[in-house]
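Listed after this line are the structures, all set down as structure tokens.
What follows is a pair of complexes built around chain A, which joins chain B in one and chain C in the other.
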Partner chain A sequence: MRQLTLNLHLSEKITFDNFIVGENLELMSALKNLFSNDEFCWYLWGEQSVGRTHLLQACANYASQLQKKAMYVALSDYVNLSPDIVRGMDQYDIVLWDDVDSIAGLNEWEVALFHAYNQLQSAGSKLICTASMSPLSCQIQLPDFRSRLAAGVTYQIKPLCDEDKLTALQQRANLRGMQLSDSVGHYMLSHCSRNLSDLFALLDKLDSASLEEKRLLTVPFVKTVLS
Partner chain B sequence: MSSQLWQQCLAQLENELKPIEFTRWIQPLQVEQTSDGLSVLAPNQFVLGWLKDNYYNRLKELILELCPEETPALMLGIGTRKVAQPATTAATQPVHRTFQPHSSTLDNDANNPFSSTQNTLNEAFTFDNFVEGKSNQLARAAALQIADNPGTAYNPLLIYGDVGLGKTHLMHCVGNIIKSRKKDAKIIYLHSERFVADMVKALQHNLMNEFKRWYRNVDVLLIDDIQFFAGKDRSQEEFFHTFNALVEGRQQIILTCDKYPKEINGLEERLKSRFGWGLTVAIEPPELETRVAILMSKAEQSHIPLPNEVAFFIAKRVQSNVRELEGALKRVIANAHFTGQPITLDFTREALKDLLAVQAKLISIENIQKIVATYYKIKVNELLSKRRNRFLARARQIAMALAKELTTHSLPEIGDAFGGRDHTTVLHATRKIKELIATEVDIKEDYLNLLRILST
Partner chain C sequence: MQCYKVFLAAAILMTCHPSALGNVTLDDFQTDVVVKDRSNEVLKEALQLALQQVLVKASGDPEVAGQATVHDHLSSAQNYVERYEYLPDPNDPSHQKLILHVKFSPKSVRELLGQKNTPQEISSEDGWTIHVYGINGLNDFSDVVNYVRALSSVISVEASTVDSDDVILTVKSTAGIEALKKAIAAANDHRLQPFVADKKAQEVTPAMLTYRWVASSIVDKEME
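Let's turn to the complex of A and B:
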């Protein structure tokens, strides 16, 4: 039988510095000071592609820089496995559960995370969870666990406005060695879905197409690709 | 031998790996010498998987380099190092006594493999900061009685009620009072799951005598959430015997549960009947005035002035339990610390948006159109029509601007949803509204009101 590879998707390149802050100034300040704060649990929620995973992975990397033991877990990747895998988390200084509501309604998982929550709290670790809904409206069924999630400090990760999305697009283009002009960015934002994941996917498509056709990213070229 | 070899491996790996990798993956490992070789234990499946994929071969090489003569076999697993067996293993029989803790108890128990449940009382939970109301006064009175007469007043005390109503708080209050009066009292607080986990550990490592000795030799045993014993027959049986030994020895037991114990499926009848030997009290959800008092008390503990009207505002919106109430207050306080602003009603309304907000993606263009139409007392059809009178056009522009701000639809999609208009019309509308918000108070007020209605 082939050994199951656990892909933890933790990239060291993801930091607080390359997160476009937008309206999330208070949240960023809270996360940068999380180890000087007595609070045990943070709950961050926001819509898809608002940067939940980026923030959690940035926290994990930040903790590692401070010589803290950090464990990032994308729960949605593991819902089909036994929840036993969350045992032993209390050995870490900080544990980060991405997509905690992806296990909503799965009793065994909810109970396991509830117990892990208690162990982490007793051990003096820190816990940061992300979800797509606020703790008062999330679909976790186990009241003991849901109420504990709501007992921490809750932040909504605010989506970026179009100007900040443009900055995010240009930053990403730079990382790929592309130049994305303001006019091309504005064209993308006024003619395509303004969901950041969709925009990033489009950027990837434009990257491939421009390499293939050896053309610069211009509005006429984007029009051609979109058509 | 194993320890020395492992230290050498660690030193080598620390040189080879990036500090982040070393801290994250290697430091949490434990090692144990077994008859078969060297067993490296990862704390969980995640670390084990990573270890196998990335460091196993290098570890094998290192061990071969360091021990070329008698190279031990390398095994990877999950777990923690087996605890050394204490010299004495006699199980403790129940001791008949009044409440007189032995000063020698703690010393004798220091090496007990289960001693990590020692010192688990949370000193922050006191009767002083437990806010009394109609919903919890009986439970509080019973807890006070027990704090004054442990082991004799009511044994066991079982507190039941919904989550987040203060059951755990009361338990710790009793423990803290007893501790303050008898410093050497052995008071153990634990969640039922921990009891189960310890028992599994005792069975695995053949430490049942130590397990019994630890749990039957306490002065006060506080176990939270006993509903999680349901369906765990072996743990229930052991708990049954522990329970009997403690009650017989007049050692105090306090338990909490999320429902009346007789209603728990999967709990043995004999346990349910034992629970009825003492006193069973309920905690109900706090009424509005108690919720307000709780908020005021918590704010005072944080040295934050909280106006009455703000406490009422929060207490009216968060009704289900104290934990959620506390979460709401924490959010307001965090925001006040960050902005340096005083906590007013408007400030609180804004700060609590993160907690009370509706999930953003539930806001659809259709919903925005309905809300805007209702707000301006017009029909949705009129909003989508080609009519251009000033009043309709303004409402339409506001709806378009809201759709751009609150959804991620493209501008052509928004234009389509407003009666097949062009994306440039949407762009013009959003720019126009942005200008008007800056210059006209009425428009600004309408826009903010609609934003509030749609997002909370």
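Let's turn to the complex of A and C:
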């Protein structure tokens, strides 16, 4: 069974195994046992770069391994999508709405998702949503939809500590065929933004620069690129 | 929404839990509240009550929720939640009520409890931490250590982490961290200059001072 995805490159490389767990062990364990849990709606929230998309895509890939039909939708890309895409989603075993709060205040979207929610629940599917804020702080305007999002299992995804960020950076570098030493990683963490997205962007920049200049990733080289 | 909508499962915890902060277990950060439905209004109140229970359990202080610095955060209880889920209430044969099982983030709760007494709670027994950036070689490293050691009230200086261009020092002092900060600011040569490397990190580690080591030639130019 293959999973479908809309407007996002769902990478098969994204799995639970390459998610740096940090303090999210309980959440990981719960997600791996998702299909043996009776709860229909799961709401995962956390600040930027905590790995919301990674977790959701890992869920989709995991479901696929279990021969379940999965549908992943990146709602942050709503400008390129129509609310009609959520029609008929009840044919899937699991539906994953990434950044559900990005459509907050867009009535057409909220109504469409609300109806889809009800259809999914009636069909016995699973729904996992991610957002940048807790369900009670979410700016969804449709009261019934807001209530439903908060009515299931809710987890806060915790950010990684610096040591775990270093591991994430090194893992990312390995995927790109680079070696990132501890000293270079520590340098990046202490001299650049600690936001993992920013660090990954810097890693991409370093990758390009090191290829271009045929240099190894060393602290002096990172300093040069940063300057 | 009135409080009657939320039924407190273990109100007794609010008044006489004996635990002290040093003996807190992970179970102390989770609690159950009986609720009548899954609406947001009930959820919000239930989370506040749950946080109050957990604060009492984690602090051992039955009055902790009444303290201004803690009380102000109760309305944002959802931000301290690590996980919640609804479970059927085994004591309700009609299945009308639910149990909201809430687990709070131990780290966030500890930080919330720590907010009320932060300056007093920071102990100087283990030393203050000074992170100095701008170290350019062994001479600078040696100069910084000697410089800090020479400050009034400083008893000892140890380098806990040395990186290519920064160093983290553990400084034992007879005075508090504020006095140490003042001593550095009062030094005539201004070679240690306040430096914000990571604003967020600085906010959560108030016991750490962060400086930039400035070469004497640059200080001279800046002073001119």
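One rule holds for everything that comes next: the second predicted complex is superposed on the first by the 216 of 227 C-alpha atoms of A that agree within 3 Å, B and C clash if a C-alpha of one lies under 4 Å from a C-alpha of the other, contacts with A are read in each partner's own complex, and residues count from 1 in each chain.
Just so it is clear, a residue touches a chain if its C-beta (ideal position, glycine included) is under 8 Å from a C-beta of that chain, and two chains touch if they have at least 3 such contacts.
Computed from a prediction, not measured in an experiment: that's the story for all the values here.
In the model built by aligning both structures on chain A, chain B clashes with chain C. Shared-chain residue A:Asp204: touches no atom of chain B or chain C. Once chain A of one complex is fitted onto chain A of the other, the partner contacts of A:Thr154 extend to both chain B and chain C. Between chain B and chain C, it is B that contacts the larger number of residues in chain A. In the overlay built on the shared chain, the residue A:Val219 is in contact with chain C alone; chain B does not reach it. In the superposition on chain A, A:Ser183 makes contact with chain C only, not with chain B.
In the superposed pair of complexes, A:Ser132 makes contact with chain B only, with no contact to chain C. Judged by the touch definition given at the top, the superposed model places A:Glu39 against both chain B and chain C. When both complexes are overlaid on chain A, the residue A:Asp84 reaches chain B alone and has no touch with chain C.
Applying the stated contact rule after C-alpha superposition, one finds that A:Val111 touches chain B and leaves chain C untouched. Of the two partner chains placed by the overlay, only chain B lies in contact with A:Lys69; chain C stays clear of it. Remark: of the candidate stretches 45-53, 135-143 or 153-161 in chain C, the one overlapping chain B after superposition on chain A is 45-53. Contacts of chain A with chain B, set against its contacts with chain C after fitting on chain A, overlap at residues 26, 39, 134-137, 143, 146-147, 150-156, 190-191, 194. Remark: chain B residues 19-20, 23-24, 27-28, 43-46, 49-50, 52-53, 78, 80, 120, 162-164, 191, 193-194, 225, 228, 258, 318, 320-321, 323-324, 326-327, 330-331, 334-335, 338-339, 353-361, 404-405, 408-413, 423, 427 touch chain A in the complex.
Residues 38-40, 43-44, 47, 78-79, 81-86, 105, 107, 163-164, 166, 197-198, 200-201 of chain C are the ones touching chain A in the complex. Residue ranges on chain A touching chain C, taken from their complex, read 23, 26-27, 39, 134-137, 143, 146-147, 150-156, 158, 183, 186-187, 190-191, 194, 219. For chain A in complex with chain B, the touching residues are 3-6, 8, 12, 26, 29-30, 39, 45-48, 61, 64-65, 67-71, 73, 84-89, 91-92, 111, 115, 118-119, 122, 132-137, 143-144, 146-148, 150-156, 159, 161-162, 190-196, 198.
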